[in-house]
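Notes for the one structure printed next.
Naming follows writing order (A, B, C, D, E and F), and every chain is counted from residue 1.
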Amino acid sequence: MLSKNIVNFLGCDSEYKNAEIVLYGAPFDSTVSFRPGTRFAPQAIRNDSYGLETYSPYQDKDLSDINVFDSGDLELPTGDTQNVLKTIEKRTEIIFEDNKIPFLIGGEHLVTLGSVRAAIKKYKSLNIIHLDAHTDLREDYLGVKLSHACVIRRCWELTGDNRIYQFGIRSGDKSEFEWAKQGHTYLKRFCLEGLDTTIEKLKGEPIYLTVDLDVLDTSYFPGTGTPEPGGVSFLELMNAVIEICSKLRIIGCDVTELCPIYDQSGVSTAIACKIIREMLLALCKTEGDNNG
Amino acid sequence: MLSKNIVNFLGCDSEYKNAEIVLYGAPFDSTVSFRPGTRFAPQAIRNDSYGLETYSPYQDKDLSDINVFDSGDLELPTGDTQNVLKTIEKRTEIIFEDNKIPFLIGGEHLVTLGSVRAAIKKYKSLNIIHLDAHTDLREDYLGVKLSHACVIRRCWELTGDNRIYQFGIRSGDKSEFEWAKQGHTYLKRFCLEGLDTTIEKLKGEPIYLTVDLDVLDTSYFPGTGTPEPGGVSFLELMNAVIEICSKLRIIGCDVTELCPIYDQSGVSTAIACKIIREMLLALCKTEGDNNG
Amino acid sequence: MLSKNIVNFLGCDSEYKNAEIVLYGAPFDSTVSFRPGTRFAPQAIRNDSYGLETYSPYQDKDLSDINVFDSGDLELPTGDTQNVLKTIEKRTEIIFEDNKIPFLIGGEHLVTLGSVRAAIKKYKSLNIIHLDAHTDLREDYLGVKLSHACVIRRCWELTGDNRIYQFGIRSGDKSEFEWAKQGHTYLKRFCLEGLDTTIEKLKGEPIYLTVDLDVLDTSYFPGTGTPEPGGVSFLELMNAVIEICSKLRIIGCDVTELCPIYDQSGVSTAIACKIIREMLLALCKTEGDNNG
Amino acid sequence: MLSKNIVNFLGCDSEYKNAEIVLYGAPFDSTVSFRPGTRFAPQAIRNDSYGLETYSPYQDKDLSDINVFDSGDLELPTGDTQNVLKTIEKRTEIIFEDNKIPFLIGGEHLVTLGSVRAAIKKYKSLNIIHLDAHTDLREDYLGVKLSHACVIRRCWELTGDNRIYQFGIRSGDKSEFEWAKQGHTYLKRFCLEGLDTTIEKLKGEPIYLTVDLDVLDTSYFPGTGTPEPGGVSFLELMNAVIEICSKLRIIGCDVTELCPIYDQSGVSTAIACKIIREMLLALCKTEGDNNG
Amino acid sequence: MLSKNIVNFLGCDSEYKNAEIVLYGAPFDSTVSFRPGTRFAPQAIRNDSYGLETYSPYQDKDLSDINVFDSGDLELPTGDTQNVLKTIEKRTEIIFEDNKIPFLIGGEHLVTLGSVRAAIKKYKSLNIIHLDAHTDLREDYLGVKLSHACVIRRCWELTGDNRIYQFGIRSGDKSEFEWAKQGHTYLKRFCLEGLDTTIEKLKGEPIYLTVDLDVLDTSYFPGTGTPEPGGVSFLELMNAVIEICSKLRIIGCDVTELCPIYDQSGVSTAIACKIIREMLLALCKTEGDNNG
Amino acid sequence: MLSKNIVNFLGCDSEYKNAEIVLYGAPFDSTVSFRPGTRFAPQAIRNDSYGLETYSPYQDKDLSDINVFDSGDLELPTGDTQNVLKTIEKRTEIIFEDNKIPFLIGGEHLVTLGSVRAAIKKYKSLNIIHLDAHTDLREDYLGVKLSHACVIRRCWELTGDNRIYQFGIRSGDKSEFEWAKQGHTYLKRFCLEGLDTTIEKLKGEPIYLTVDLDVLDTSYFPGTGTPEPGGVSFLELMNAVIEICSKLRIIGCDVTELCPIYDQSGVSTAIACKIIREMLLALCKTEGDNNG
């Protein structure tokens, strides 16, 4: 008898009950201000992950030795942002209930809000580490509050001051930078400097990590809706997420804003895959199904 | 003194007060179920219209002889569908108040609803001619009522039965075809046959014409979000819109669903431009600024 | 508990035991003489099938009413043509053993040979209907016998004379056309004329149908490795496969030679999807899982 | 000893002294009003001709049986239109002196003027058959007389009235159509109708044939700088050039306006190749090197 | 009453009379030796500037606080290089007469000559700072003197020795490097080193700054006609232009050689936009309309 | 009399008998595991080399001063890997027999095996320097031994231990890294560090240099089948190949794995061209035809 066509991110084929981490995709891009298309990211990432190896020479670890379950993409009611966020929130809650780490693949950055809403219910004192080119701190964008340009502001409404650590930021409204400076968030402009100190400070705290891939320089990562030159290198980002995921208590995370159509070389998708691979390897503390 | 950089659709440079027709763009694509990107259509159409001639050998008329004003694109609150539609509705109302014909360039097909809402206020017994590959008659799409897959159903809620004439339809849910057959709309499958009879029947009535360019076969028009092979030819569509616009009392119209990124040859944009040129030439009954 | 990420062709989600037809992909393109890339066709077809409707207004049937199982793609040892063909042959045999219809999605056209090898074991008097732009009748191509340019010649070695019916052929070596004319195959140049007669003649006989999508004109189907202008229209092909599949005893079939990278509009993939949908609907004689 | 890397159009590898036809490319596109890029056409055509067969089932002839020499591309002083045209003219003259048929591959349509200047010196009563979407009859374009929009007007200055036969024309300034109607050229709008009569009339006369490939409908041929929907089909054009080349006394010809970058599927280049193959096969009256 | 469709570079919407800087585009690319297409740069830059923010965190300044007027693109007689240059020269003169800074957006690099001709009339002792990958110092290119490969040589004919400072140069004919070394220009190979000294030296002098964007490494800026790997980074170039524009007396400037079609990710256009934004912010010494 | 259309890599137009180096292309990509298309690299490299200058400011040398012969592309029996390798081996042997340096342009990396087989016959104690992102040390790939993923393992079977020096490696199976560490090859992960020492050690020894261009970071070189972020910069690679080629006794070399279709900007091809130019200039010890 032939088996069904299961399509996972490379090497993420644990049984759900054994999994330490659960992947899920949110193919949503309806609030973006410039160029849409991130909805196709989760699919592209799964498909092109087969161009990767399961083994990382950076961490000397292998995806085949860890326990990850890929639960596929959410079916989202495009056009109804409130319900989209609720659908994301529900899936995240289920994963939390089963004591696993939710790993969300966007979609645009607004999807983070769904996950963070679920996280904050479980972890009242949640901190957020935010790697991005953009501040995402607007009160609203042309009157719209649920916009990818406002997502961190919405998260701040849940966490309160001094809970959000932003790195790599190089674009935003003047007022957003000023608002951050008033003490609402820690905002490091242009680069990832100071991340070590932040990691030191947050040890043991529950952390949600949100990676907007446009934190990368456009030379590395052209495949995104709102390209911002002047960002960090692939190795800087890779080392940063390895540090964060291996040293801190990450209770949930996401990777967002890959827009595959704007990079037909597939390089941006390959980078997304590799960042996800390294995050998974750094997050997993236990050995895989196959090893015992 | 140097002048400002005014960018119009080719030859549409009348003064507003003289204009018989007013162009406006709705760069919106947030409810589409498959591939977004139609938001860039109005801009692409204006830019590439300069590859056209103002003269049509088909109608032996010239854009430089008619009065059209191009009012540019609306600024739309992406992510908030209700307000997007209100913004479109308001612009349409202004144009109606000034006794001009509103000519909307989408964007996805849902933008039609904004225009039709304005039209129905002025013309209680409005009829709609709808050229499309898709039925667009769903009650909702994954629970979302304001979706491009439901736009004609939403229009029907305004017009009632026997007011909507659909041509070229070749894709939809089974229940949509059946709902149409129950007498709610006139639905001609696959082609434009029977249009003559419809034109005969509707003479003198107030008509809104909505053209979803995916009514064209995909060989002619690959640049669209939801490609449906099996459609009509460019010449069939061009002749149809010339007939409709010259013989009927068109009180408003739109052209939607060009998605430029999916046709990097520019052919789909060129076709959109030519369809718009022929519609403008067929709609205008008076002579232009330059001629008197 | 969350479920696994099963990715099927649209609506093909029967249980294996109930299925009348079984889909399987052969992501192989190593013998092509010009431009490779068909290996990505099965994946692209599954992904983009979600831009389709399950309902066909052409046949008034719905994929949700029939029983099809999608068994995913074969894992093929690229670079070792003999073993690639054996892998295809084995999967086909399993499907035959379970009394289901194998429906293979290529890949390049050589994959057909794997299926036909399995078919001829079960059906000694097998006939083949072959829709293609190319003769595919070479004895060898630069000395290589297992080449996509030779696949029908290899099939003929299995079936013998008067068993292969070729339509739409418009490209080949002079000697190939002459070889066919010697009575080895029935070869209809340029178009599908005479298909009716062939269908009449073959009623009740076991038939394998192989569709090389480049039989379509390049205006409809640019996404292929060896584009040949001068082919048939989408509607001609669609009607032909509906006729063949509904009127004849098709014991196996395939659809090959979509090369997605050469059509970034996605139109060629959409056409492949629709041809497959119509073939599935025409092939299925029984009602689906859901119905009873 | 290894041989040099000679790159010819498929099968055009006669020795110069034996050749009946001589190919040469003019990689020039500096005067185009909209989108440049035709300079890469001759190279693309040679490269992709290897996706073709040498045999034509339409004419039952084979390139390997005729005598054609490919003399490669001219080195053109881009930016100096006068000298570009002189360079083309000189190469054409050499070919005429050696009593061979010059077959020019553009580049933009202005290159025709170089060839026609040479032709008119040898054939005082030259006639021109012109297949195109555009009139190309402007006196000047923004003051520029040597523009691709004026090329046929410049040719008319050499031939005088009643010598130019235009087919397929569907775009131009109103005044151009009127100027033609005054009796300067024969201009058939939209299609190739009436070509039979023209062929009948011109039998035995010296004819220069100039094919602007944008005479094709954009569904067949998207790869061109100024796309004009509403044109002729591939088979109509192919049959027309076979008729013209086999029945008339063609003393020189060209194929222009392929712009490869605007059709990344390669279909437009494939069409250019096939049109050229059919023209070569129809032009050659003698047998090839290989046959004697 | 509806307003006209004015399309400016982001935030450059001052009234002409108030403007300190005037933008103008020169959509010209007819003399390029390799790949044309820069004519579409000014349009692409205006359109995609809306993906930017008006605020620069690098300079802590905002486009909404300065006075820039965008006068749109010149209408250029493509194919007649002399007149193209005259048209550019005239527009530049008007801007000089009104005591504003001309900011030209190319097009190919030859457009600089039009501007420099106007500048040298007003500023006899003009110096030029030239950032580029290419020497642009040829006496002629295939006999053509008005070529993008000769533009700096042509400028030198106007300024004389010791007036031109070239940085980032990594490609050219051997003789060009030698000619520079003879003391005609200051030429810094490969990088921007020594720019500080140049700035120090030129303080207070009238300077024309010409930026050929291919000075950037191809990893940052693939969208150009003649890609030259081995260049400077985005941040190096951005910092350089900020230094030059804020510390020196720039009397005119340009940004050239973006070729949008060769970078369909839009990243190259985004970089052009950001470089222009930073130059505008560094150039403006007075406060904007809105602030007083 | 007109001359034939010879297409060489820029400036490589020596007579064969005078040539020190012989170029040849192997358009083969049938064993690649992920994305094929490298077969078009040799053609793309020749065509786009005309965007380069013959002069290198890095080495102050000029291609017009050295003796290189371009023998074009091999005609390879696609689909029959054994014969493909034999064809490559034979051409390499001819070049060795004539005491010239073979310079192979791939195609996929497996083509190296053909060249190395020829080299090892002549140079028993051959050493290989291998620049790559991938280990290429698998015993087999899905049972296939002649795969691009196994090419260096196959070479090792010919050279034995301690003869292969790998640099830049950042991807592979865990077991491949371990196998290398057992002393079979010298393997430097991630970068080119240690190359100086290797050069010092190998002085005077016969060396084959194989460059898989994916050793470059994907920001520089997106045009490859299996993109691996995290690689070396263009300048690092260029300096490395100049060092290796000028200081060591290179008896043969190759450059592989450019896949032009995945970088439509042409930047990857431009980089391949420049790396080849610098290698040629560094390899040549004698003066060219033109100089004596």
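Everything below uses one rule, namely that contacts are C-beta pairs under 8 Å (C-beta built on N, C-alpha and C of every residue); 3 or more make two chains touch, one makes a residue touch a chain.
Here the structure is a predicted model, which is why all the values come from computation and not from measurement.
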Shared chain contacts [chain B and chain C, defined touch]
A, D
Treat touching chains as neighbours and tell me the shortest step distance from chain B to chain E.
1
Is the contact between chain A and chain B built from the same residue numbers on each copy (over half shared) or from different ones (under half shared)?
same
Which chain has its C-alpha centroid farthest away from the centroid of chain E?
C
Please tell me the distance, in whole Å, between the geometric centres of chain B and chain D computed from their C-alpha atoms.
39
With chain centres defined as C-alpha means, what is the inter-centre distance between chain C and chain E in Å?
55
Shared-contact residues (touching 2 or more other chains) in chain A
35, 217, 219, 263-264
Take each protein chain as a node, join two nodes whenever their chains touch, and name the resulting shape: line, ring, star, complete or other.
other
Looking at the whole structure, which two-chain pairs count as touching?
A-B, A-C, A-E, A-F, B-C, B-D, B-E, C-D, C-F, D-E, D-F, E-F
Parts of chain B lying in touch with chain C, wherever the complex brings them together
34-35, 169-174, 177, 189-190, 217-219, 222-223, 226-230, 262-264
Chain B contact footprint on chain C (complex, rising order):
50-53, 55, 57, 60, 62, 217, 219-220, 234-235, 238, 263-267, 270-271, 274
Touching residues (chain side chain F, partner chain D) in the complex:
1-8, 16-17, 22, 24, 43, 46-47, 69-73, 91, 94-95, 98, 264
Touching residues on chain C, where the partner in the complex is chain F:
29-33, 35-37, 39-40, 75-81, 83, 141-144, 146-147, 261
